[in-house]
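Listed after this line are the structures, all set down as structure tokens.
Both of the next two complexes hold chain A, though its partner changes from chain B to chain C.
Then we have the complex of A and B:
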């Protein structure tokens, strides 16, 4: 017989390293053609940090995205940004890049204000131009300002450095401020369960996550789906089997990760509750999407059959045994 | 891998001659999906490989005079997609479809699957349910053996790949009131070895109220693929009834001896063998328009 169930799980997750300084830094250099180079140590391992950091720089500088060149994770030239872990790069390196871009923009506005004979406070920048806030047609291109500065012997170069506001944890009491901010999320799993075999078919996972501000909504959705799909593996299959300290399944035909056929439908929902200390309100979403998946699935199993699996992965055999125990009682 | 020579014969005769000349130092390779890994891990060593993939005569599915013939070099994909097999030997079409991934099915062959001699090789289980005959070219000429007699132990085939060539499998074209079914349980939906697989062939009597005959093959229940002959005996001639099915499941439990493995405990495998047997029988019976009474 096939039965269905739904389960809910919630989580919160700290951004960055726990109770430890984990700063990031960036350089932003403006060029005479009105484009900018961004240098940041953050490694883009496929999650899209290069795009996100470029968008942050473009927004802050008023330069179109195609005018941003980013060099990242090249320790020969990029400043230290810490590792791509702990869901920290958007929040921490995003801040470093934003601060570096702000620094460069302030220098740019000082020069532009001189050229336009106005106060820097009256200036804004967009689409590659610096203009008067109250007279947008009165404008000058960023390239012109940079060229002007270069001729006067000045390079416009901003630096940014951000460390999340943590307080180290007391070794005895554990008290402190482990993280500067947290990401929140709730997921709903819908499963179909075969009561004779214990097989589970995950039909759908709805993942609603607070990301502060989605700098790049499509990549946030990708992170939500990717993170949730890893959670599916954690829930259903992935297990390191040890015997006398040796791994019994040290290869991918015995350590199984889900295939495309094992994947449910995903419905990612982006929630935006701006984080005051984040770049444009943004927080991280790398790991949070993985966290509640297994709990939601286990709750869905309990909802479907009234039996609880208390061990991961919740393989068909473990579900079958949980059903047996329930019947025996 | 320390193989020094690679032969690509154009005829079966040329292939057997190469094997003979090399006196045990040359070994056949079919799709290579298992063998190449075994060579790389040095579980198998050979000085020369003889690739059968150019032998058109070993590839393909034909039907003549009440027999379906499947060349040993026919790929899993060809079998899964074959109209003849899908219509007349469903158990084999579904077994071939369940193997590995599209890449493996496009390269791996039915002959290789059988000679690799794993206890739960999907096409082997289906061939045993179908009571297929293997045609083998040996030094003494061509011989025929039931597929069930080709296994000596886990990974040990009765066919010597350094001197004998598996040519084809012959299956009787099913008659009226005959149907087959394949059931498989694995840890994920693709690219996973079976926890349990079951192949069933059955024939109902004229009134569709009794099992006239049945064959049940299962893996991995022993070092070699097995037929559940005691269970078959319970069902042969018995009426199509749930109680009969329950009796058969109870006998099956005593007849099989799976072991604990990473894929599942012996207990779970036994339980699943019973469930899959029941499901396979129900599917095959339903296929013939039959129904199980209380």
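Then we have the complex of A and C:
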């Protein structure tokens, strides 16, 4: 018999390394053509940090995204930004880049204010121009200001350094502040289960995650979809089998990860509750996306058949055994 | 033992001496320096080494270079028109269908093989066409969307 069930799972996840300083830093240099170079140690391993960090710099400087060149993760030239782990780069390196861009922008505004003969407080920047807040048509291009500065012997160069506000954990009591902020998420899984065989078909996953602010919504969706696929694999199939210290399934035809046909219908919901300490309110989403998937699936199985699988992966065999155990009772 | 093979790769003709036990993948990467084709598992499981052999997608790690003698091969390096991206590549970039990028060349070649045969595939047909291509990053949704978009680009032409 085929039965269906729904399950919910919630999670929260700390941004950055636990109870330890993990600073990021960045340099931003403005060029005479009105573009900017951003240097940051953050390694883009596919999650899209180069794009996200460039967007943050562009927004802060008022330069179009095409005008930002980023050099990242080259220890010969980029300043330290820690590792791409702990879902930390958007939040921590994003802040470092924003601070460096702010620093450069302040210098730029001082020079522009002199040129326009106004107070720097009256200025704003957008689309490559610095303009008066109350008279947007009164403007000067960023490139012109940088060129002016250069002729007077000044290079505009900002630095940024951000360390999340943590307090180390006390070794005896375990007390402290492990993370400066947390990312929150709730997922719902809908499954169909064959009570004869234990076979599970995941019909749909809905994933709602609070990312503070989605700097790049397409990247956030990509992280959510990827996280769901890792969670589905973790839940249904992925298991490293050891025998006498040797891995028995070291190949992809033995260690199965989800294929394009294994993935259920997926509905990502981006929740934006701005984080006051995040760059433009942003937080991380890398790992959080994977966290609740398996729990939601297990809850959906329990909802469908009233039996609990207590070991992952919840293979057909384990589901079948859980069903038998329930019948035996 | 070595043998001379004659192949056309991305429109260029090669006559090369090759060790008989060398895979087509290693021949492309090491002898022709076409490293766009990725070596993922070297086992026929992951699909990242996919190239088109006489228009059909194959795992180049599962074939010997000498078996490709006389064949026409298309790799990821050969699909763009100069500096202009192929519509499939363009759709991948626009759809966020690339994360770490390791599966991407194989995915693009699989998409090309599909769209050459079937210009207007359904979602299931797209998923079936890339089922032999493992992706750890994306969850496949943006890749499926990219292939749909590429189909619409190609059909407009």
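Heads up, the rule we're going with is that the second predicted complex is superposed on the first by the 329 of 329 C-alpha atoms of A that agree within 3 Å, B and C clash if a C-alpha of one lies under 4 Å from a C-alpha of the other, contacts with A are read in each partner's own complex, and residues count from 1 in each chain.
By our rule, a residue touches a chain if its C-beta (ideal position, glycine included) is under 8 Å from a C-beta of that chain, and two chains touch if they have at least 3 such contacts.
The shown structure was predicted, so the numbers you read here are calculated from the model rather than taken from an experiment.
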First, second, both or neither for A:199, with chain B first and chain C second: first
Partner chain(s) touched by A:311 [first = chain B, second = chain C, both, neither]: neither
Contacts of A:261 with chain B and chain C, given as first, second, both or neither: both
Chain B versus chain C as contact partner of A:47, first or second or both or neither: second
Touching partner for A:74 - first (chain B), second (chain C), both, neither: neither
Which of chain B and chain C A:229 touches, first, second, both or neither: second
Which superposed partner A:253 touches (first chain B, second chain C, both, neither): both
Chain B versus chain C as contact partner of A:320, first or second or both or neither: first
Chain A residues contacted in one complex by chain B, in the other by chain C: 253, 258-261
Chain A residues touching chain B - in the complex, by the definition given at the top: 196-197, 199, 236-237, 241, 248-249, 253-254, 256, 258-262, 315-317, 320-321
Chain B residues within the chain A interface of the complex: 185, 187-193, 195, 262, 264-265, 268, 271-272, 275
In the complex with chain A, residue positions of chain C that touch it: 41, 43, 45-46, 95-96, 98-101, 126-128, 130-144
Chain A - residues contacting chain C, complex: 45-48, 218-219, 221-222, 224-230, 251-253, 257-261, 263, 266
